[in-house]
Every structure is written in C-alpha cells, then in structure tokens.
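In what follows, structures are represented as structure tokens.
One chain, subunit A, links the two complexes that follow: it is found with subunit B in the first and with subunit C in the second.
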Partner chain A sequence: MESSVHSKMSARSRALALLAAAAAAIAVVPALVSDFVLLQIAIKSLWLGIAGASLAFLIGQAGLISLAQTAVFGVSGYVMAILVLDHGWGEWFAVAVAAAAGPIAGLIVGVISRRAAGLYLMMLTLAIGVFVFFFAQQYQPITRGHTGFNGFDAPTLFGIDLNDRRPLFYVTAVVAVAVVAGFRYVMATPAGLAYRGLRDNPKRLQALGYSTEATTVSAFAVSGFAAGAGGVISVWYNGAISPGSIDLTRTIELLIVVMIGGTLRIEGAFLGALAVTLLQNYVSDFTNRTETLVGAVFMVVVLVSRQGLTGILLGLGSRAQRALGWVRSRDSTLDRSVTDDSRRSPEHASRTGQHAPSQQQARRLPCETLERDGRGEYSPP
Partner chain B sequence: MLPGVTWSEHTRRTHQDPPLRVERVSRSFGGLRAVDGISFDVEAGERLAVLGPNGAGKSTLFNVICGDLLPDSGRILLNGEDVTSLALHHRVRRGLGRTYQTSSVFGGLSVAEHIALALRGSSSGRLSLSMRSRERREVARSTERLVTLVGLEGRSATPARELSHGELRQLEVGMALAPSPDVILLDEPAAGLSAHERTRLTELLLNLSDIVATVLVEHDMDVALTVADRVIVLESGSMIAGGSPSQIESDPLVRAVYLGEQHKARSERPPARRRTSTDE
Partner chain C sequence: MRNLGAGRSWRILAALAAVVVLAASCGDDDSTADTPSAGTEPVEAPAGATDTDGGTDADDSMEEPSAGDAEASSDDSSDGSASDEGGSSDDAGTAEAIEPITIGAISTLDGPFAALGDFSMHGVKLALLEYGGTLDGDATRDTVTGAEVAGVPIELVIEGSDATPDVAVEATRRMVEQDGANIVIGPLSGDEGLALKDYIREHPDVTLVNGTSASQDLTLRDPSPNVFRFGGDGAMWTFGVGTYAYEELGHRRIATVAEDYSYPYDQVGAVLTEFCALGGTVAERIWVPLGTQDYSSFVAQIPDDVDAVFFAMGGTDAINFVKQYDEFTGQAIPLIAGPTAVDQSVLNELGSRAEGLISSGPVVDDSGLAEFDAFAEYLDDVFPGQTPNIFNVYYYVATRSALQALEEVGGDLSDGSAAFQAALAQQSWTTPIGPVVLDDNRQAVVDMYLRRVTDGAQATIETLPLVNATLGFDRDAYIAQGSFSRDNPSCG
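Our next item is the complex of A and B:
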C-alpha cells in the first residue's frame, strides 16, 4: 500500500514536472527563435503533431491503423469554414461545433470499420478517406469544390488577434499540451486499459466480456477529439482549407509523421511532426526532391528503430541509465571491497572477467538460479 | 474459494436453474460429426471433467459452450437463459468465464492489469472514460486478492510476456475467476505444467468457491480425476461414459478407449451401457 502511495505521488510529481517543463518551453520559445521559425516550424509542428497524436493514439494504444484520420481532421476544418464563411456564424460558435464534429466523424469512421482489423481496416479507412476527399472536391454547393475556402481569418481571443504569430503559437501549444494530457488521462481510465487489450489480443478481450466493436468505435471517437482540434488550428494557420489539405498525400504524410515519431508515446507524434517540418523547410534549399528525402528518412528511422525517434531516444536514455547504474554499482563494490572482501575488488573482477552486476541484474539472479536448478520458475510463496 | 479469501462482495447467483445446461448439442465439420447429441447439466459448486482421447470432440464441445462455434442443433443455457446464439462477450457478461488451452494473454499488460481488465469486463463501466477513485480502490483491492489467490503474489507489476508458462496458466485462471462467474470453463489447464505447478493448480481448483460450476476439459486423467466431482468421457463425438471419478476409473470401456483396446472392451460390454446419461 505504501509503495502504491509512493508510486502515485511520484507519478503525480512527474506529471507536474512535465507540465512545468512544457509551460516553461512554451513561454521561452517565442523569445528564442525567429518569426520564420516560430511560424513555419514551431506552430506547424504543433498542429501537425496534434493531428498526428490522434493517429499515434489509435495505432499505439488501440492497435488500429487508420488512414481516415486526415478525413476526420478535414471534416472539422470544413465544418468551421462552412459555418463562418457561408453561414455567417460567430467564430467561436463555429469552433465549438467544429471541435464536436471531430469525435462525431471519428465515431462514424469507427462504426463503419468496427469489424475490420489489420490490412482490411487500412483498406476500409483508406476508402473512407478517399470518399471524403472526393466529396470535398466534387460537392460544390457545400464545399466550394476544388478551390475550397480561402481567406479565413483566425478569431480573436480576449481581444488578442490569433492571426498574429505569437498568440497563435501560445494557443496551439496550450491545445497540444491539453491533447497530450487528455490522452494520458484516457490511458489511465478503464477504457484506456481496454484499448490496450484490443491492441494486444482482441479475441482474448472478448473472452473477458468486452465487445471489440464497441471498444473500436470508442477509440475512434476519442481520437477524433485531437484530429478535430488539429483541423481547426490548421485552418487558422493556413487561412484556408481545400481538398488538397486532405488528399492521399496528406494522409500518407500524417502516417509518416507518426511512424517517424514512434507510437510508444503520444508525444512521439510531435517529434515526428517537428522532424518532417524541418525537412520540408530546410531541405528545399538544397534539393527540390523534398518528399523523396522525407521518404528516405522515414525508411532509415523505421529500419533503425521500429518505434521511431521515440524508440531511439528511449533506448539511449535506458542505456545511459544502465551505464550510470553500472558506475554506481562499481563504486559501491569498490567501497565494499575496501572494507569487507578483497576478492570483490574491481581489480579482481577485471582479472577474472566478472563485472559487478547492476541492481536490476542482482535482483534477477536468484530467479535465474531457480530456473537453472530446475526447482521451478518462480519463487515459492 | 480459499477460506476467508474473497475478491467480490456480491454474487449474481439467484437462479434455481443449473448454472450450465447443455441440451442435445451436435456439431459437424463437413462429413465429420465432431459432437453428437451431447447433454449434461453442471450444478453450482460442481466440478465436471470432460475426458476423451485426441479427436474425441472435447475442444469442439468447449468451443460450442463458449460461443466460438455455433452448434448445428441443440441449446446452451446459462442460468436458465438460452445463450446459444449469443457472442462470447455476451455469455461472459451472463456469468461464463473461460481459459484457453494455449495461454492467451495481453503481452504488453502487467499481471495486475490483466486482472483489472477481467474484473471490469462484466461491469457496465468497462469502457468508462472517467476515473472514479472508489472504483479504482475496489479494483486494486480485488486484484491484489486474486493475484494472491492464484499464487502470483509479488508479480503484479510484471508484464505477461515475462511470465513463465506455469505462471501464465495461473494468470489465465485468475482472469477467468475475476468477474465472479457462475460457470468457468477450463481448457486443459494442466497442459505443459511441471509436476510442482500441476500440484499447485490442482489445489487451486479444489479450493474454488462452492458457488462456481467448473467444467474442465482435460487430457491428463490424473488431474481431472483428482479435481472432478463428476466425469463424462467422449469418444468420436459421443458420450460413452459418465459418473464419479472412481466409477470412470474402473469403467472397462473408458480404460479400453484410453489404452487402445477398444474392440476388445466393446465386445465384452452390453451395447445398452455404452451411453450413460449424467443428468440422472
């Protein structure tokens, strides 16, 4: 019980520390970078990351590889643009409706594809994405066809114009933090556990009383919140939305963002979005084959780590921790060797080729001995 | 249930009907009749073992009861309710728990998360997006008790992919018991276990609650005959014998089927005794 209280406290303090670090970064970034970087790199990475987070959640937590997230994102963007520019709605009312359209569109995608899995799910969601694209392109009375909506002005918030770079950055960053916090909250709920069960073993999940269909629909609806938020901010950022914003290239781009970032953590989507945005902006100075290079980077990252940049960073972090643990362990062994037992000295270890085990390894040793001795694979109670 | 150990404050059992009734169930695959008109009841607290050599129809019968396969004819009743056409998750919500012959777990989840997932599976809040601290406390408490009950204490935080085969079998039983089912179906729970693990499992099954009806499909006669109150024996999809473990052990036809002296035993035995109703 005591340990659970401690772990709860440490989890809470870790979350607070992360939140504080995010707040500090948000406050500092505009002062450190140029206007170009703020607009072209920071803000774009954030809204692309928000949309990517919705897909990272679906893939990483629920095991659902969807190619319809760009469509969900587009539905929210289109709803806002249509309500403001064609129907004269108040901007924040339109934002509220557009934000609600995200989970509703996610729900519809989930209902349609609730029985599909794996490759069939990808094909079905791709069909939904293509349908939404052609609808946007061809149903002119509602969507204005291939030109879409241009000249969209971002609203003002407490008198501050969100068309300005800095306010837009702050709002986008706050939404990004809220999206990450929201997904982290969902992962800790009963539904979050069920999504992970769906990812790991859908058949077994059903044998525990869960409807895999309901779980799938629920995961799509939850992911729709972030996709919708991304859609709204992308329209503020671009001042426009057209079929080109939700075509197959954008669908693949979102998938690449998520795969480069990795799906181990929701935050990986932002890392992937930053990498893709940097490539798109700076590689064009050297070559006009930007997309080819993005594809090549995608292949290299996936070949090096199946979990993308997040996996690489976590791997480096864990290696550093192990190295630190080894150093600590070696130091403590050295201390003991001075006082207790000369045979345990590092010199002896280096002579005999035996290195001091880390704390984790030391904990595992009795269990390994039990296995080797054939006295059972777990410690008796 | 072990004395003094409970993971659920309530029991759903208020029915007069047997927890599980199998009525004249048949299932064919092409020309092969895998299960042929099997009927039996399992009473609350009773442990029924279904025995038979390979290809006898045990797994098909098990899958029909679980809902993985639809029967060609016959009915499955849980607490008097016909669940023949219901999907597995609906049967689980009506009081059925099951384990798998080959351990089927969620590799990325810890032992405690497996039990928590199973505990919530039969509740209406299984897909809840809210964190109620009272519910979390109750689930944590029940999880701790169940983890201890199945002998996995100290392994709560271990991911399932790191468990040994024996521990996975224990986890399977824990998940089946978690939602306080009326009936649990165990598909060869002793398969691949060491002698020590087998003894431990036998103790666990013998200590199950008096209100849980247990159906044990088992290839290993020693485990089945030690644990079961009643045994039915299948061969070629038909029930060839039924009774107490001692009756089954001394049954010449069963011995013949298991020892391969089928023709000899059949010729020694009157045809009328070849099917024994266990409902009597």
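Our next item is the complex of A and C:
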C-alpha cells in the first residue's frame, strides 16, 4: 500500500476534479438540450437521483435495504404542499420545514426498524411505506385524499421564478451536488465508518462499543435529508403531489434506479435515474412492450455487473487505464478501480447482492471470504 | 465472483440482448400480421361531419363506415366541403409541404386500468379510420397512418399512463413538447384530468379534448379555455337515479357504499342531491379505500332498515363488493349501481348477478339510435368481438369532434388554434349515444339513460334528454354548494 498521505491527496484531487466536471456539465447541459429534455430528462433524473442517492447511501454504506424512502420523500413533499396550499405559508418557510421533515421522517423510520435486518427490515420498511401511502390516500382532512394537491407553483428565488426550467435545473443540480458532497463527507467521518461497520459486521461493531441501533437510526435520519430534498423538488417538478406519487410502483422504481446505478458510489444513483428516465421516455417509441424492455435492461445490467452501471463504467475505466499504460501493476488495478469502498469492505458486494446466504456467510467469515477472493490488501477498519 | 470473466459477461449480455430483440420483433410481427381487414380499407370520410346545427346529416355519416366502400384515402383530401366552409389555408397549404397535424391520445395503458386503456384507443382509431387512415397494427400502441383532414395529414401519437396524475402529465408533456401534438385526446381517469388541465392551461395553443375523465371540476369550476369535454362527468352519469329511486321504486331511506375518491363522491353526490331534494334521507355513507379486497367490515355497517343500497365502484372492486354483499346480506336489500360498476366493459364479469341492477349512464345497448347501431357494427368490423362501452364511445366522440372541427377550419391551427378552438366549441352533432352540444365552459350537454341490466346488456328504462353539468339545478346555487365530498351534500 502507498502512503496514506499520498492516497488522501489523490482522493482530494479526484473529488475536486469530479466537482469541476459536475459544474461544467451543469453549466453546459441547458445550452445543449431542448426545453423538454431539460425538464423531463435532466431535472427529472436529478431529483430522482437525489432520492435514489438517499437509498444508495442506506444500501451501499449501511447495508440497510429500505422500502420506506419513498415514504420519507412523500412526507417532505406533502408537508410543503399542505403548508403552502392549505395554510398559506410562505414558500420558503414551507421548504425549510419540509426539508426538516425529511430527516425527522427518516429518524422515525429508523426508530421503528432499528432492530430489524435483512428481509425483516425490508418487510418492516415496506409496511411503513404502504402505511404512508394509505394515510395520504385516506386521511382527507390533511392530505386531500386520492386527488392530492394540484396546481403547486414553485417559488421564486432572488426574483427568479423556479417554474422556469433553467433556474429549476440549476437549483436542482446544486442540490444534487450538495447531496453528493454531503454524503461523501459523512462517509469520510467516523460515523461513516460506523455505517460500514454496521453493514459489514454488526457484531464486531457492537463489540467495539458502538450501538448498532443508534447507528441504524442515524443512518436513516441522514438519508432522510436527501429523500426530503428530492420530495420537495419533485413537487416543484410535478406541480402536484398525490398518493400516486408515492405508491408501490414508485417505491420499486426507486429501488430499480439504485440497482441499475449501483450502490458502490452515491453518484451511481444519478446514473441509474438517468437510465430509468431515458428508458421511460424513449422506449415506447420503438416497441409496444415498454415494460418488458425496461425489465430486460434491468436484468441485463444487474446480471452483467453486481454494481450496476457504476460497476460497468468503473470496470471499463480501469481497463482503459491499463490499456493506456497509466497503471503499472496489473493485478491490483481492477480491485483498486472498483473503489476505495470495496477495498475497505470486500464482502460488500455480496452483502448488497441478492444472496441472503452468502451475506450471512460473509458476515461470519469476512477473512475467509477475503482469502477466497484472493485479495491480499484488505486491512480492517 | 466479481472478477467475472469479461467473455462470460459479454456472452450473457449478448444472449439477453438477443432475447429482447426477438421479443420486440415478435411483437411487431404479431401486430402487422393480424391487421384487421376492415382497417386496411380506407373508409370514406363522412360527408355530414361539418354540420353545426343539428344532427340529421350525422346520421348518414354514421352509416357510411358500415357501407365499407373502399376509396383511396387521397381522394378524401380533395373533398371540397372543407374549403367551401371556411378553410382558406387550403391553397397555401398544398403549394408547399404541408405540416401535418399531430393528435396525441393518452389513456391508461399500464397499471390497474390497462384493459380500459385498450378500449379507449379503439375509439380514437375508429375516428381516424373514418378520415382515410389505416391501422398500423392491432396492438394498442400501434397508430393510424394516412388520415387526412381538409388535405392536411393527421398523425397519431399514443401514450400511456398508469392512472396516476404524475405519469399522465409526463406522458402528455412528451406528446406536446417532444412529438409536437396539437390536440390531446384523453385522459381516462378523473384526477389525471385535473392534473392535465393545469398542464394544458400553460399551453394555450394546444387543445385538450377529454376522454373519460369524469371529474366535475375539469370544466365546472375554474375551467381552462382550451379544455373540452364532449361527454358527461361523474355526477351527470348518475343523473336521474335518485329521482327514480324515490318516485318509481318508492325508496325513502338509502345507504351508499362507494370508493373513497372524487369520482365516486360525484356519483353519490348526484344521487343524494336529487334524492334528498325530494325528501329522502341517507342512513349511512360508507367510503371504502380503492382496491379493497375484504368488504365485510363495510357491509356490516349497512343499516338493516334501509330501502336500498347505492354502490359506486369500478372494475374488480365492484365485483368483490357485490359478491361479499350477497354473502353477508343474502341480497335482502336491493342494490342500485353507479355508472361504471355496470358499464358494458365489466358487465360480463358480474354475470347473472348483474341482471336487474338499475343505474344511470351514458351508454345503453338498445337506444335504437341508428348512429349507435352503426358504431357497434363498425367497431366489431375493425376490432372483432368488441362492443360499445363508455371508453371506446367517449374516446371516439372526442376524436371525431376534434376532426370535425379541424375540417371546418381547413386544418388551420394558426393564431394559437383560435379558429379551431372556436369551431370545436360550436360542435353539435349526433354521436352514437345521442346529440351533443357544449355549454359556455365547453362542457357537453348530453343525453343520459336510466337503464336496467337485462340479458347481460343495458336496456333503457328512460332516456333523460340533454342533461347539463348542474343536473338541471340553478347553476350558481349548484356551484356554490362546493365540490361533492364525503359529507357534501349534507342530507338527513
């Protein structure tokens, strides 16, 4: 292993390069695409990606597969719509409260499901998600029932109307960058290490003196920030929110976004969101079997790469690097290219993959798994 | 595992890609191979399509499709009636390449109402076939090509939603902004309609002609100038039931069981508005969540001493409810149905249990209207085995109305579709389900039918002529009472 100073430097410069690339892309996109694409592809995949990032964080970092993120997302959206349309609040006050509602809702989901793991966690969070959906659908005095809230106008920011597409795009993009930066920051803190500990070996985490329950709850709360932000922007985008915005179909869609994008990196959620949005908008031009094709693409991506599109891209990138001779050591390249995260937690892939047995196995025998994978450079956190 | 050999992963990818391509191409093959014969023969354009003052000519036009006289579609374009009647842009148009007019049709092609989405698209396609179009295939998303109005080619774009407003708006935005749709036909469900009204209001040059969205407030309150509805709303579809129950059936006290959202509110509201105005009372209003499977707790809430139970539900909800209602009550209390609970699209599912159920609604099978019989025959010709129901009829009427208005203005959509929208607002013709005119809010005034299920079909008890959006009540007072809800109107 290289010196830690060196790797820190390169990590920082890489992050800066990423940020610069993101800024450039954000600046250029509105000039390149039509108004339609800007709204329905770019803005949509950004807010869907923001919501997806919250789930990617939970799954990829803390190993918590939650089906309640759509509910958290919906709580924020509903809070804003209710405060503005039913109580006449100023838009930005409502935005602030709605943004705070995200982590609070996340916290509540976390408290409820703090002891569950694996399949039970999925069932529990699914129940919460369905509960929020039916609450929205049935509790009319607050949620206006099945019709929900229509005709929601996005606010103005410094005199710029966010109902216009360019300003909305910029705001959404800035929020997206902030979400990614926020998650990356959290991941770099001791708390981030604790989340990965929770994912990789909860028993050892406990033995080290951490409370797995508190770690779980805080992971849900942190992810709630992003889910809430996504919910707020989705209401601006749709100009409406109804139970149909947070139903089971949307829950599964979010899961697909994350699976297609890959949980290796937070940014993968945006890749997944872009892919799903493109499929939804353009596949029907080619075939009558839209759903079949979307499903097939999903299967292909997941089969080819456990880590979704991110994994495929990173794999291609490392292969290109090797071909160009940028990296000398052939053996270590692939592993390193599949990111720092996986080096810290090689069994990550199997944890977040669909194999419950191998997951358990990994939890019990991390070192054996390691050796079998033939990866020598693992150092425990 | 993760070091999956590159060769292997590519092999999997290739195999799956091949499967997908195969599936996609199979779909296309199916659809083109089985194109119905009637669809491939262009049908003569209706001659009476442009009359604005009554329905006599329309009789002829409805019979023409069944005559099945094949004529080259290009002949239709030289039909002089359009330029005679006001199309001045004809000559200018033919000189250079004519910009086609795009019609976007949206219905629920995915999700719980997908079957109804198929019906709706049948209606849209039938109308375009009358204008010289040819079916591309018999799959739902296969469009119609070659249709022309006043020499202007008409393109059809089809999009689907899953009955949620968000998806409906995205699909419509795709049609309007990406495919350049000038006219949008649809949507199917009530809340989708409200969402589309908000969207289409921002695009005044685009015209929305509603399909079967039955929300009252699509047109009744805060209407948008470019939204048109050539059919009834949920309340209009239920017109006459309350009065009939009170006066003819002698009911004085009823209970209602309905799905808990705006469309059933309108149905229950309309029934109770009439029923209570006559002096009837409602013992209990029971609201069930959409998609409820187990109705036992709701059925248990129905008081024993009511004269009848009005139920307003759709699709499988209606079937599940009726089944469990029978089991729990032994059919002790008679049922009165909402319009879609016993629509022709679901009547078969209820089977013999539907026999004798009374309801009100826009479509009956024995109206005796020549237009209806012609439509039924035409429908069966093009889409074998299909019979008229609320969805194919309404989408047909919407599309046909738009095409007629287009013909009147010679396909001229300049000036933000001003002339076209004005012509559309003046449309007045005899549809397969009776005459239609629009009120000032561009909401249809149409016939409804009080009907009884007889031998698996809807038989007319009474025709209720020219029902308007306020059910014949004073307009201001009716609007002032507010949208129907769980407890509005208040009654007994």
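To be clear about the criterion, the second predicted complex is superposed on the first by the 312 of 381 C-alpha atoms of A that agree within 3 Å, B and C clash if a C-alpha of one lies under 4 Å from a C-alpha of the other, contacts with A are read in each partner's own complex, and residues count from 1 in each chain.
Definition applied: contacts are C-beta pairs under 8 Å (C-beta built on N, C-alpha and C of every residue); 3 or more make two chains touch, one makes a residue touch a chain.
Everything quoted here is computed from the prediction, not taken from an experiment.
Asker: Which partner chains sit in contact with A:Q61 here, subunit B, subunit C, both or neither? Use first/second/both/neither.
Answerer: The answer is neither, since A:Q61 touches no partner chain.
Asker: Output check: A:N238 vs subunit B and subunit C. Expected answer is one of first, second, both, neither. What do you get?
Answerer: In the superposition, A:N238 touches subunit C alone.
Asker: Return the chain, subunit B or subunit C, that is in touch with more residues of subunit A.
Answerer: Result: the larger residue contact count on subunit A belongs to C.
Asker: Contacts for A:T310 in the overlay, against subunit B (first) and subunit C (second): which applies, first, second, both or neither?
Answerer: After superposing on A, A:T310 lies clear of both subunit B and subunit C.
Asker: After the superposition on A, what does A:Y210 contact: first (subunit B), second (subunit C), both or neither?
Answerer: Touch status of A:Y210: first partner only.
Asker: Considering only the touch criterion stated at the top, classify A:T251 as touching first (subunit B), second (subunit C), both, or neither.
Answerer: neither
Asker: Check whether A:A188 is in contact with subunit B, with subunit C, with both or with neither, and answer first, second, both or neither.
Answerer: first
Asker: If I apply the document's touch criterion, which positions on subunit A are contacted by subunit B in one structure and by subunit C in the other?
Answerer: none
Asker: Within their complex, state which residues of subunit A touch subunit C.
Answerer: It comes out as residues 34-36, 39-40, 44, 134, 137-138, 140, 145-148, 150-151, 238-240, 242, 244-245, 247, 249, 280-281, 284, 286-293, 296-297, 299-300, 303-306, 334, 338, 349-350, 373.
Asker: Could you please specify the touching residues of subunit B with respect to subunit A in the complex?
Answerer: Residues of subunit B touching subunit A: 66, 87-89, 92-93, 98, 100, 104-109, 113, 116-118, 120-122, 125-131, 135, 140, 151, 153-155, 164-167, 175, 178-179, 194, 196-197.
Asker: Spell out the residues on subunit A that touch subunit B in their complex, using ranges where they run on.
Answerer: That would be residues 4, 185-186, 188-191, 193-194, 196-197, 199-201, 203-212, 214-215, 218, 222, 376-379, 381 of subunit A.
Asker: For the complex, which residues does subunit C have touching subunit A?
Answerer: Of all residues in subunit C, those touching subunit A are 1-3, 9, 12-13, 16-17, 19-20, 23-24, 27-28, 31, 110-111, 139-142, 159-160, 162-167, 169-170, 173-174, 177-178, 190-191, 194-195, 198-199, 260-262, 289-290, 485-486.
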